[in-house]
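Across the two complexes that follow, chain A remains constant while its partner is chain B and subsequently chain C.
For the complex of A and B:
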């Protein structure tokens, strides 16, 4: 079949036609010598993206039996999808079409009409030569498994499990320890203004009784390979070493946080014998013995709360400590009437609407609040410098500190297993910090709770529901997965097995076939970013729809 | 159509858009209702957004395009919810789709019609910094890129003259004076309230002089002055259109006392403003007067450290509530107690108020007709760690539940979708 190329020039009302010479474009493109052996159909249209324009394009493709299509119009951001959808209604493979931007890149930025027209003609020539070297590509449909693996049995993991588990979807919930509930299980009480959080014990019971949730205690992830809809997973029981093989379509990493050990900091010196406790230790003490006491068993008569411990070193504010230290102050005020409490903080971070009123209530109870520039601890002796630069010393009976929340060692282990990036703070890196906060760069792997950054229980629960929402949207039982088709491919004969591409692939989409000594692209994971193509020293990698030849022809014609 | 396949999303900001796209992806039909003539919400007012200084338009425009091109999403701009009956799984909803007087299918957004319109009005979307005509788009790059006619001001529509200037200019014949408001009746399985926020009217904060002194600006005025599609196309000039500020003070927590809560997003403004102001106004000196700093994300504090090191002088005040702004010839005098509670003064050309976030205009009426409760601050009430409102089947996402950043708004909308799909599955 001979090539028949349709070139349609959109006037975009006055947007293009007012600033480039449409007639000259039509005349010059119709008579290009270098394409004289091809059949070119060149036509203008008032507005290609309009209902009439799309119908016109569809008729043209069908009636002329076009083999290639060039739309000279606007930015692909505006209407690439529009024209691809038109192609999909016809015999023309959508990858045999290209858009040339003569609006933003010509009409709108070049005041001289003749020069703008010249540039538009060059760009269209480039587009024609590119499209001639394009190849039809075909979407594949893959079966998908709707089940979900959740790593971590804390508040985030439990919440996500309850959103996801149902008749058509199993959830595998794995927990490293023997206990469900995570750090929240240590809490004696929740914040008074968050006391409506459903009873944790009931939540755990609900998860345990759900027939679609299978719980693996004392279990960790051993191995995971695959992609959205098709992950092959191996779990390992910590104590017995037994392994379990599973299939799942998506994974949520909800493996929580730990507290920085304040004794690692230069200015915090204390031993287990001193009356220095972290906020969490106070919660544990209350839960186990029902009251807060000094190590001697006596009641403290004075206490100091130290915020922001390790904040500078960590590089971020942990945002939950201001509230929970107040909560411990609340316990103390209730149990030891008349106790003197001083609160030493750098900033007060009160991100929820109710937080400020909670804080004000402690001011009313006579607690002393002092903003500090620096604070050092030696046993129960505290030296601090207030904002006016005055140095002070105090030695309260009890010191309660709020060390920074930090990522656990399991973040690193999971990052190695899943190839999900870690943020410079050690927490998981989201796909986009603002508009895609629970997704990761790998489709099908999600993050929720404090392993993606400091957050309180309410936010961990929201994130867990968000990850659940993402999965319910992307992994619908019975529906097939359609992976990206514009991906990289390896020309096996050229691959020397140097493995450079394995290092540059951000998605873990390339693996090495030891038997054949070559790299192999997993097309279901590849996003077509092209990193590997640029890095391949032997030219064995090729980016479909963005081949060197296609780009070279386009540039060559444009610069002719 | 079965109501279980249809969801109503009220508000087309980042939260509403994210929820709509996700629901569409899950095969649901979405009605996205917006009271303004454009979609995108408050995010598109910011030139660049924290913490990675993404150009907000570049971030959001592709999302807006996806919304407008999505076959599962019916976008109703200049529209309003009138009445809701029924219960979760099958709400009967009446909606008014107000007349736009411009045919969306025929209009190309070429912009030929506004210059000829003889009537002007203040553009409040642009914080009142410029005027717009009776036929207008709020800003360059509005999506849908189709103007709307204000019927109360249009000479022809309000009956004062037989003006036909815009219709005569339009070569696409898109102006349609005969368009009428439409009342739509639809059934929906669930509703998401994502109506965003307003900011406190800075005039009520007496000691800061907003509205009295020309040099005092609110944060959102600065957003529009910094934005390349704003009234000055990103050029920083004072209100007289001439002076370029040499010294600028950014005041934190403006109105925090009045509203009674921390708005938790404002601490990030100075880093952003300092970043762009130092670029746009060479030699500018920036002061940042603060009480508390609130950075609720792992990535936020770092930028603040960098700003303090290189771009702005941070001045701690022991009592921001005592800060006072007055005018001294063409300068502003800022008096505040410093760290040691000592009286300090600072002379600047411009003061920027990081004004408190408040419930959006109209939320009171909307919550009443939806029969959902508000909290004591006027935001939609949701349980802790939940996006459920006090009425089954109605969910809330974004700043309608309280001040939050883009990330947190998106998280809530994704969570609301999770709850809806969970509910529809059972």
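For the complex of A and C:
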């Protein structure tokens, strides 16, 4: 079959036609010498993306039995998919089409109409040359499993489980310990302007009673392979060592945080015998014995709260500790009327609308707030330098500290299993802080809660709902998944098995086939970035829709 | 400077290609010397492309990613 190339130049109303000479484009492209052995059909259209324009294109492709199609129009970001969908209604394989951007990157940036026309012609030539080297590609449809694995049964994990579980979707919730609720399970109260702590118990009950949620306690992830819609998972029960195999379509990492051990810091010296407690230890004490006491069992008559412990070393503000230290002060004031409390802070973080009033209410209760430049602890002796530069020493009965929230060892272990990157702080790295904050670089794996960075419960829940929402739109029960078609491939005949490409692929899309001694691209994971292509010393890697030849044709036309 | 330099520009579809579109949407003006080629990711640019491009007469190459 001889090549029949349809080239359609869109006027885009006055957007393109007002700034380039459409007639000259049609005339010059129709008479290009280098394509004289091919049949070119070159026509303008007022608005190719309109209903009429699409019908016109469809007719043209069918009636002229086109083998290749070039649309000279707007940016592919606007209408590439529009024209691909037109091709899908015809005999023409959509990958035998290309769009040439003569609007954003031509008509709109060159004020001189003649120069803009020259450039449009140059771009279109490049497009024709490229499309001639394109080859048909075929979409695959893969079955997808709508079920979701959630790692971590804290507030983030519980919230996500309730968003997702339903008649057509099972949730597998795995929790390393035997209890659900995460750190919040240790709390006596939430902040007063948040909900009642009973809500947590209700939430746990709701999860336990949901027939579509299967809870695995004392369980951790052992192995995971696969991609969006098709993850093969092995779980391991920590006590028995028993394993369970599961299939799921998506995963949420919600494995939380821990507190830094303040004793690792140079200026914080204390032992378990001292009356020095972390905020979390106070919560634990209150939950287990119903009251806050010194180690001797006596009531404290004075207490100091120390903020920002290890903040400088960690390199970030933990966002929640200012508030929970006040919550702890609230417990003390309730239990020991008249107790003297001093609050030593270098900074105060009050990110929510309710926080300021909450803080002010403690001033009214007679708590002393002191901003400090430095603070050091030795047992219950505190040495601090206030803002006037004066050095002070105090020795309250009880010291409550707020060590930085940090990533747990689970982050490292899960990063090794899932190949999700860690941020330099050890928390999980999101795909994009603004555009895609709960996604990761791997499709189908999401992050929510404090394993993604310090956050309070409201924020952990917002993130869990966002991740749940993403999954609801990406994994629709009964719908198949169509992976990227413009992927890379490895030509067996050239591959020497050097494994260079395995390290280069950021998505973990290449695996080594031991039997054949070559590397293989998993097309369901490959994003077609082409990173591997340039790295292969044997030239065995080929990017299917961005081949060396296709790009070289464009380079040649551009430099003509 | 050369009168009509040729600056080949390999633009990543996610960022720099989008940036070039944005320049157009804002009706910014830049020299016709810029010759854009869209790629899926700047990492696709094989060093051989650069050598071949210079050999074929490119005066400069921009890899945007």
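We take it that the second predicted complex is superposed on the first by the 554 of 560 C-alpha atoms of A that agree within 3 Å, B and C clash if a C-alpha of one lies under 4 Å from a C-alpha of the other, contacts with A are read in each partner's own complex, and residues count from 1 in each chain.
In this section, contacts are C-beta pairs under 8 Å (C-beta built on N, C-alpha and C of every residue); 3 or more make two chains touch, one makes a residue touch a chain.
Since we're looking at a predicted model, the values are computed, not measured.
Superposition of the two complexes onto chain A shows chain B and chain C fitting side by side, with no clash.
By the touch criterion stated above, A:111 is placed in contact with chain C alone, chain B being left untouched.
More residues of chain A lie in contact with B than with the other chain of the pair chain B and chain C. In the superposed pair of complexes, A:387 makes contact with chain B only, with no contact to chain C. Using the contact criterion defined above for the overlaid structures, shared-chain residue A:347 touches chain B, although it does not reach chain C. In the superposed model, A:237 lies in contact with neither chain B nor chain C.
In the superposition on chain A, A:77 makes contact with both chain B and chain C. Contacts of A:522 after superposition: neither chain B nor chain C is touched. Note on the composite model: angle chain B-chain A-chain C, taken at the C-alpha centres, equals 80°, rounded to the nearest 10. In the superposition on chain A, A:302 makes contact with neither chain B nor chain C.
Between chain B and chain C, the smallest C-alpha to C-alpha distance in the superposed model amounts to 6 Å. On chain A, the surface patch touched by chain B in one complex and by chain C in the other comprises residues 77. Listed in rising order, the residues of chain A touching chain B in the complex are 12-15, 47, 50-51, 77-78, 81-82, 155, 159, 163-164, 166-168, 190, 193-197, 311, 315-317, 319, 347-357, 371, 387-389, 423, 425, 427, 433-438, 453-454, 457-463, 465-470, 472-474, 476.
Contact residues on chain B toward chain A in their complex (touch as defined above): 14, 18, 22-23, 25-27, 49, 51-52, 54, 59, 61-63, 65, 69, 105, 108, 110, 112, 171-172, 256, 260-262, 264, 292-302, 305, 316, 318, 339-341, 375, 377, 379, 383-387, 402-403, 405-408, 410-412, 414-419, 421-422, 425-426. Contacts from chain A toward chain C in the complex involve residues 75-77, 101, 103-111, 115, 118-119, 122, 126, 486, 527-531, 533-534, 543, 546, 548, 551-552, 554-556, 558-559.
By the touch criterion stated above, chain C contacts chain A in their complex at residues 6, 8, 13, 17-18, 20-21, 23-25, 27-30, 32, 35-41, 43-49, 52-53, 56-58.
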